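In the two complexes below, subunit A is the common chain; its partner is subunit B in one and subunit C in the other.
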Partner chain A sequence: MTATLSQKGPRRRYGEVNLGLALVIPVIVIMGGLVVFPLLSTIVDSFYRINLMRPGTPFTGLGNYADLLQDTSVRRSWVNTFYYVMMAVVLETLGGLAAALLLNKIKYGRRWLLAAVVLPWCLPPVVNAVVWLWIYNPSYGLLNGILQAAGLTSAPVVFFNDPKLALFLVTIVHVWRMMPLTAIILLAALQSIPEDLYQAAKLDGAGAFKSFRLITLPLIASGLAIALSQSTVFAFNLFDEAWILSGSSLDTRTVMIQVYMFAFQNMKFSLGMALSLMAMLASLLVSLVYVLKVYRETRFD
Partner chain B sequence: MSSRSLKFISGKLGIVLAVVVLLVWSLGPIYWSVVTSLTSPTDLVSATPHFWPTHVTLEHYARLFGSTSMSQGNEVQSVWPQFSAALLNSLITSVVATVLTVVIAAFSAYAFVRLRFPGRDMIFVLVVATLAIPAYTVMIPLYRLMISLKLVDTYLGVSLIYVSAFLPLALWLMRSVYQAMPLSLEEAAWLDGASKVYTLVRIVMPLAAPGLIAAAIITFLNAWGQFLVPLVFSPTLATKPLTVLIPEFVGRNYVDYGLINAAGIVAIIPPVLVVLFLNRFLVSGLMAGATK
Partner chain C sequence: MMKKHLNMTIATVLLLQVGTAGLALAEDAKPLAGQHLSVLLPPWGTLPKEMTDGFTAKTGIILDTQTLGWDDIHTKIVTSTVANTAPGDATEVDWSWVGQFGASKWYQPLDGLVTADAVADAPTAKIFTYDGKLLAVPYNNDFRVLIYNKTQLEKAGIKTPPKTPDELLKAAKAIKEAKIATYPIGLPLSATEGTSTTWYLLTKAFGGDLFDKDFKPMFVDPQSGGYKALSFEIQALKDGLIDPAMTGLKDVEVQELFKSGKISFDVAGWAGNLAVYADASKSQVANDVAAALMPSTTGSTRTIGLPEAIGIPAASANSKAAAAFINWMLEPETEIGSFNALGNLPPRLSVLKQLNAKGGLKDGDVLLAQAAAVEPLFAQGTPGWYPEFSAAVASAINQAAKGQLTVDQAVQQVAEAAKTASQE
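So, the complex of A and B:
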């Protein structure tokens, strides 16, 4: 087959190259112009001082990075972001795995349960945040209503007055939105496991927990790595939920909010660019660690 | 009752309980939002929360869709002019971005799978690698670029940014769809003298329709929900979408929760329709995008 095609000679090959390039050019133009070029200019500009409030754009070397390391609110936003990443990844993975196992187990109405599970991921994050803002409302919110009805609190709690609680409540909203993605990725992995493996394990006398540890976990490892790294990247870039729930408040401020404030509120462009690069590198590094670790620990020996 | 059937029943009960918990977790907040949007303002600020609307009212929706409306006996300004503009902006930017993304991905992914040309694999790897780069990283230079191109606050500018953000995933998805298709059909068409483009459009694409639908859905949902990009690139109602308008209803001193929940419910109608009618494509698309 390949022989007959290549016999058509150089003209045919030439046409294929032209067609291939023609079809790919829109991709090159859009991604080159709107992602690669801006990324390169982010790297270059992060070594200059670009501030719309001050004249000139002198070269400052690592000056922006040094400023960022000393800035206390930047440091706070890093601490917050790492908290979000840790909590979100743990909760999304545990919750997503539980949901995926459940979805994989039930036979009737799975389609509808799946639709309900996926729904939060499909909604605009802003709308989610607004809905939860109302649930968290100190005076008339649902959460206070439930807590009081259950007798857990006697008076309404102003949740966002407590910095630790505020962080946790923002995390919940993010987890609510992102858990479906983890669940679907893990469900796909679970469905690829052949049923007879479990039957064989049962015949060998393995209990449910043992066959989960020895069959399920190793075989969903690659799915788990993907789920972990996407949870990490999304949590690192958390913006919408924190911004809607408590704006620029330092208690819940993320690195991305700090970038936005540097660039579009204080007009310190190059400072924002340096910070966004650091955030990108950090999220790439953390995801890489997962992928390698999950790969190493669950590989068949 | 034997211990075995007892175990069976308790296992079934456990599953039912888990399903209920999962349903309440996933749908509870949305249910609460619907209830809120239908509850009268006086009931909203009563001491105990109402878990279902006791006096159903459409007045919050009337403020979104009416020219003027009545609230607690006073005639109030409706938000229809802003709301309708934002709704239209959301639809236009999301649809334009979706069409552009899917068309570009449908053709170029085919080139990446079936055609041989210099630099093919390198270009593909580079494009897909940008999936790991959050769109926010490049926002500041993008902003300066868009200003110099005079594309800030234009449909074209916002849609192009969406395309650049969502194209890699659509490409990845479409490539895995084309890769899974047998080559023999295409070869038969080529031997009959059909051109590559004709074969792609008339034979391959119809067979790849589920993948195309999945790519379209995922792109549309992402574009529809975008917040930070339009927050920066859509400063006025010329292109401002619902996601940016709705938080503006949160006033400094006073939040009209009935209005804001009603607006939120309108904004989630398209995603809800997608989940109700096209969930099969969405889920298989997300699975393919994640596992291949």
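So, the complex of A and C:
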């Protein structure tokens, strides 16, 4: 009897291992084929010259990266992208948190309000950008109409002729589309906080701000970290809004537009690959910095 | 009775044989019948279904037409071809892509596949040759001509269209002073291809060229055509003759402004667009529009041909059916149908003359005279680095129009971009 039991143990464990492997293999195959292999291939190719206009693919080492660092258009697109990331992350987080707190408080009609908040996120980015293109249009745009009706301007303003304003306006379009995602993530985190904690805090004399700082913020920290990460990654990948609103204009050009121009307009694939890897690395590093910061400042021990 | 029955049987067999032979003959006449052909073209190249149904009836080829934006087609061709698949069996080939597609051998040479006589009849077909091989055949005859609002000019007391850039400026000032149009001159200044092509055209108008035979820039000297052309654009903008909003508008949006009567001159007018402007169902200035030869400082008009064509990707699995489609596109009836439906000016000279003789061309004599003055932008053939150069041109002009660069800085920036692009 003992021998039978001891034989069953390893057999069961063996079966569990096999089951685990069977469940994991599809994920490994999919991630390996669609993420890891293309990533490794891109890293390798970025050390060669792959230009469809020129014969051969000689090894260039870090030559592509050096060329990118010297390119003034690339430098400008980096500055623009960091601006987009900074502004988008701040606005999406503050706006998303405010929307989530409001939605969490509302008892009646919450689902309708939620549907309205989510709508811009459901729109394809191109459609979203085209709608805003009409709003910003200097001749018949809504924004100029409002400004003139309110007496703030006397003649139509060409908003995109001011580089700083152009960057801000593109950011607004992106934030408009992405803020709902932040709001949903934070709303989910807010709804997981037990009501008892707030009641206990109230009994202890804590005000609304103190409850928010000592209960809400630490308990939505994980959600906040996810929201911040996705905001950063999406802002680094900003393409459609800037392209539709202002084409390849240097004033609003993002790193992703620059990647597109290198790879698909100029056929310099290796330069496009090297730049996209740099963008990925920057995106990861920035996300890591504040995810760790949020974790350290808000964790419970 | 027996004999009658036999005769009837023989007659039936004969009829069946004749019928079968007829069917066989019909099949012989349509050797590609049943093949599926995918064609990828921009909206202005996509013919109406009634026309393409005629192609299917004639050849038996089942057509799958895909319509995409011009920029998107280039991206689709690049991504599909890199992935070793055909973006379509026959696709758009813009004049500006010839260098890229020729160098990368992405398109099949059409020599021998398409009707040689028809190709010889289309002078702009030369623009689509690379290393002596024909890569695509033009389906429109896009050259640039000055299109203006005759009524607005007359209201300002101007009887004849401008013949020089200076006269153009004077006319625009007169129109503005008479408060007929706030911004009389229409030309794009956004960071898009239309901005670059307008500057190339004006460079010719000022008697210049972009490059010498060794591709050395010829627009850096303040006395050069290119420098004067950019100065002309920026000065007209500063003088309030060009709408400041042009920094965000593409060429097609400028055309919409012309159609609505808000601008008096479509400086880099597409010759084929004259028919659209003169169509009362599509334009508010149908009775006011007229064409004139491109103004010039040298006394003889110059213009550039920027036609679009259709070619067969190397990876196409149905190249014979694609060639049949291209040959059908070259037929006079198809070219006339394309002109009537979409305003595509026929690329074949004989068809153009035929249309004009029948009175079907608005200001046909002007168009024919301008067509005779068409020059390719690059006499040596479009280089593979053209798209990179052109993007730099659009970007620099856009910056100059926004006041971020002087004319001098802009042309220097373009020259540097040309040097970098051609060396890499």
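Throughout what follows, the second predicted complex is superposed on the first by the 265 of 301 C-alpha atoms of A that agree within 3 Å, B and C clash if a C-alpha of one lies under 4 Å from a C-alpha of the other, contacts with A are read in each partner's own complex, and residues count from 1 in each chain.
One rule holds in what follows: a residue touches a chain if its C-beta (ideal position, glycine included) is under 8 Å from a C-beta of that chain, and two chains touch if they have at least 3 such contacts.
On a predicted model such as this, the values are computed, not experimentally measured, just so you know.
One more residue to check, A:Pro163. First (subunit B), second (subunit C), both or neither?
So A:Pro163 only meets subunit C here.
Just subunit B (first), just subunit C (second), both, or neither: which does A:Met53 touch?
second
What is the contact status of A:Ile30 with respect to subunit B (first) and subunit C (second): first, second, both, or neither?
Touch partner of A:Ile30: subunit B, not subunit C.
Touching A:Asn266, do we find subunit B (first), subunit C (second), both, or neither?
The answer is second: A:Asn266 touches subunit C but not subunit B.
Touching A:Val130 in the superposition: subunit B (first), subunit C (second), both, neither?
A:Val130 sits against subunit B, while subunit C stays out of touch.
Could you say whether A:Ala200 touches subunit B, subunit C, both of them, or neither, answering first, second, both or neither?
In the superposition, A:Ala200 touches no partner, neither subunit B nor subunit C.
Quick one: is A:Asp251 in contact with subunit B, with subunit C, with both, or with neither? Answer first, second, both or neither.
So A:Asp251 only meets subunit C here.
Among the partners subunit B and subunit C, which is in contact with a greater number of residues of subunit A?
Of the two chains, more subunit A residues are contacted by B.
Of the two partner chains, subunit B (first) and subunit C (second), which one does A:Ser139 touch, if any: first, second, both, or neither?
So A:Ser139 meets both subunit B and subunit C here.
Which subunit A residues lie in the overlap of the subunit B contact set and the subunit C contact set?
Looking at subunit A, the two contact sets intersect at 137, 139, 260, 263-264, 269.
Can you check the complex and tell me which residues of subunit C touch subunit A?
So the residues of subunit C in touch with subunit A come to 74-75, 78-79, 82, 99-100, 103-104, 190-192, 243-245, 247-248, 250, 384-385, 387-388, 391, 394-395, 398-399, 402-404, 421, 424.
Using the touch rule from the top, collect the residues of subunit A that touch subunit B in their complex.
For subunit A paired with subunit B, touching residues are 1, 5, 13, 16-17, 19-21, 23-24, 26-28, 30-31, 33-39, 41-42, 45, 98-99, 102, 105-106, 111, 113-120, 122-128, 130-135, 137, 139-142, 145-146, 149, 176, 180-181, 184-185, 187-189, 192, 222-223, 226-227, 230, 233, 236-237, 239-240, 243-244, 256, 259-260, 263-264, 269, 272-273, 276-277, 279-280, 283-284, 287.
Provide the residue numbers of subunit B that touch subunit A in the complex, in ascending order.
15, 18-19, 22-23, 25-27, 29-30, 32-33, 36, 44-46, 48-49, 104, 107-108, 110-112, 115-118, 120, 123, 126-127, 130, 132-134, 136-145, 160-161, 163-164, 167-168, 171, 187, 190, 196-197, 221, 224-228, 231-232, 242-244, 246-247, 250, 255, 257, 260-261, 264, 267-268, 271-272, 274-276, 279-280, 282-283, 286-287, 290-291
What residues of subunit A sit close enough to touch subunit C in their complex?
51-54, 73, 137-139, 156, 158, 160-161, 163, 246-251, 260-261, 263-269
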